[in-house]
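Okay, so here's the structure we're looking at.
By written order: A, B and C. Residues from 1 in each chain.
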Amino acid sequence: MAKKLDLRRFPGFLPMTWLCLFLLYAPLIIVMIYSFNDSNSITQWGGVSLRWYKDVFWGLEAEKFKLAAIHSLIIAVAAATVSTTIATMAATAMLRAGRFRGKSISFALINLPLMVPEIVTAVATLIFFSTIGFTTGLTTILMAHIVFCVPFAYLPIAARMQGIEDVYEQAALDLYATRYQAFRLILLPLMAPGVISGFLLAFIISLDDFIITNFVKGAGIETLPTAIFGAVKQGIKPNIMAISTLLLLVSVVFVTLSYLVGRMGQNKK
Amino acid sequence: MENKGTNSDIAVDISNVTKRYGSFTALKNVSLAIQDNEFFTLLGPSGCGKTTLLRSIAGFEDISEGAIRLYGEDIADLPPNKRPVNTVFQQYALFPHMDVIQNVMFGLLRLGADDATAKARVGEVLELVQLTEFANRLPSQLSGGQQQRVALARALAPNPKVLLLDEPLSALDLKLRQAVRLELQQIQSETGITFIFVTHDQEEALTMSNRIAVISDGKVQQVGSAREIYEAPGNKFVADFIGETNLIDVDVKDVKAGHASCILPSGAAFSCHAADGARKGPGHLSVRPERVAVTTPAKGLLQGTATRAIYLGTDMHIEITLTDGEIVTARIQNSENTHVPNIGETVGLNFEASAARLLVD
Amino acid sequence: MAGGMVKSENTNTSTYAGLGGWLILPTWLVIGFFLLLPVGIMLIYSFLTKEFRGGVIWDFTFAAYDQFFFDRGLFGDDPAKIEWTYIKIFWRSIWQAGIATIFCLIIGFPTAWFIATRTGSNRSIWLFLITIPYWVNLLIRTISMKFLIRDTGPLNEWLMSMGVISEPIHMINTNFAVQLGLFYSYLPFMVLPIYASVERYNFALSEAAADLYASRLTTLRQIILPTVKPGIIAGCILVFVPSLGAFLAPDLLGGAKTFMIGSLIEEQFKGNAGNWPFGAAVSMILLSLVLIVLTYYARQQSKAEQG
């Protein structure tokens, strides 16, 4: 009997995939493990304990990191909310409003923050705020974050909207709904999973940003990433591992949520 | 121009409507008058413009030229939500996040009905389409046939002046389609609402409609009852598109008062009905296969060789190649006392004058 | 225009026809005002004169670009020679980003292929596993890598305890560390676009090739690679471009010898020692480089679509 030839399989691709996963996860898992290390040195293993988590919340630097975390949270919530709103409007314009002047250049504009290298955006934003005489601080960080969150929020929102045929809105119009009602009662509920995903992604992107924040934050204001960076510059200490693990978990939880919300929407359809 | 008084029983008056998309013209100067309380069908192959015409009546397409009047009122400039017509969409477009009641109630609420009135009306329509027990289900929990009925109920609930149906049966399987046809007809006569029905399925059109408009290439080819269209096709396209037909090349000698005298390829003289607009010169006779009889060469109007026999159960199709190479199909009944010619046998073909019709090319 | 099917391609009957301008306005205000305009101002800055405590004097000059390309001696009056310092930094950045891209391709292609050939929910779980690390803070990922490969870090400890090596391999502050960091930062960017194009690949083509006596390798070279090439190019661009201007990986994993563009720019804006016009000029040069790559990419894409 002839052996069936599976054309989808190439020998060695499975081990490569495992290698890829290993490379991606190994450093993170090592840091997570060492965050439970009961030792003053980051290299010596001194048994399992939660002492560095206690240190993060109640230790010497706790106040500094707490304040930075609050800043990060405020900015992430505000930036995600504003950028999701803007991206929803933009997606409606690009996908549901037919042709209008400047449409193709608008599409390029939405994606511009993804194309300009982060460090260039950081420099340009710093120069801009200094030229118009704006004091750097939370507001400038927020403005900068909204800009680069827009394309990230746009992606899932537009993808979702593209998957919704416009016949539903036509049916609503046919049944005497105004255009606003067709949006609020039909389009928005149907694309809700996309909007939620967009919000969550924008939230993480804002929470994670270091380079741009580092440039436009001004003296004295820290977000969690800039505070961590500052601390790491003096050498990696065990409390950094605990903070990193916590931040890592926040990201994973949010991405998982975003993923599940997206899937839920698909299954319902 | 027109006296509106005499048009009072015209539900939708489409006059000289043209629709262009860039350089492509989807509708070419279309005029139709659809009567009140009529089951009117737009029939044509896909891409012929029938859906564009329907969507123009609904308000989803702006027409480039012409006028659309609904009971005398020009609606061409009204947005879809200001037109008292409702649509049953091809894939139904039921709102997936709303249950059956919410779907059916949607239009009523937008028209400003209060909750109690709207609920009562929803109950009525759901009864009409026999879906009362499914009222609380989501569209995804319904079968295709049930979804189709919800779509119908939703469009009927606001009591539109005209109901537009865009190939509503195309997503159903054959058995179900046949049952729904009868139901649709019944609902139309019960409600008295004018139905405009779009389909590419000729059987659907022939069985359901009061009148049919055959559309091709953005133009109305013929308007008439099912019988008129099948038995007296106006032109080659209609004859070919509705049912099967033989088109026989003839030389037309004379056309007078709806009658034509012509010479068949065999040289025999023949006279029959002529469609409006038929002219002298080379032309085509349409003869349905079931009206062609196979006889001996001597008795036939045409002579040829049987080249193929196709078994179809109750019938057989015999293809006869004429001496000039043309192929004519005869449909003969499959019974013991019919003579089925053998392949290669020379036969004669016969048809009555009433079975043939000279067409406009 | 293709005739035949006439569907709702019509533009003036879209649900929100006529509102497009209003709906896109906030995007223009935000991105136009806070990114496009700042890049414009940055361009102007690159032609201004530096002030010693950071900031600028509004005097028009080519000094910043001159400093980048030419060496005029300590007092600026020697005959101009080509200044290699900054060009070398750019060249090193391109080199490092290129190596990282190749690493990503070698690991990323088989991974993307493997995931795209899974079925149903299996596939989305694999895909999810690949994307998660991307969403973990880049800073934390880079710190993790730094921790892992230190001389006294877990990797060396482990290798020594296994007896593979007798003394630690020195990796931190080397070119390799930076390449590894870049690879680690942007690997998912390689996997995702390749995955997308393999997913669309019609395996009947492979069957047809096999039916016509092609070996597995011939099929890969002659049929599969040309078909999924757009995905591969997209992946390479998505890794190469951010690697070029990366700051964290070279800063945390590299040393003085592995200085890259990102750090060069950052230095110009740090404290009073900086040189804003020069930083702006380097940023402009980096941006131009990126735009050239992206334009090339866009050309290739439109060619692929036409061909």
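Here is the rule we go by: contacts are C-beta pairs under 8 Å (C-beta built on N, C-alpha and C of every residue); 3 or more make two chains touch, one makes a residue touch a chain.
Source: prediction; values computed, not measured.
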Contact-richer chain pair [A-C vs A-B]: A-C
Reference chain B; chain at largest CA-centroid distance: C
Mean-CA-position distance for chain C and chain B (Å): 59
Whole-Å separation of chain centres (CA-atom averages), chain A against chain C: 18
Distance from the mean Cα position of chain B to that of chain A, given in whole angstrom: 55
Shared-contact residues (touching 2 or more other chains) in chain C: 8, 10, 12-13
Residues of chain B engaged with two or more neighbouring chains: 60
Residues of chain A touching at least two other chains: 167, 170, 173
Footprint of chain B on chain A - complex, ascending: 165, 167-168, 170-178, 181, 185-186, 189-190, 268-269
Parts of chain C lying in touch with chain A, wherever the complex brings them together: 8, 10-24, 26-28, 30-32, 34-39, 41-42, 45, 55, 107-108, 110-111, 113-115, 117, 124, 126, 128-133, 135-141, 143-148, 150, 152-154, 157, 183-184, 187-188, 191, 203, 206-207, 210, 216, 219-220, 241-242, 244-245, 247-248, 252, 261-262, 265-266, 269, 276, 279-280, 283, 286-287, 290-291, 294
Chain A contact footprint on chain B (complex, rising order): 58-60, 79-82, 85-87, 89, 91, 93-97, 106-107, 110-111, 140, 154-155, 158
Chain A residues touching chain C - in the complex, by the definition given at the top: 5, 7-10, 12-14, 16-17, 19-21, 23-28, 30-31, 34, 42-43, 85-87, 89-90, 92-94, 96-103, 106, 109-110, 112-113, 115-121, 123-128, 130-131, 143-144, 146-147, 150, 166-167, 169-170, 173, 179, 182-183, 187, 201, 204, 207-208, 210-211, 215, 225, 228-229, 232, 236, 240-241, 244, 247-248, 251-252, 254-256, 259, 263
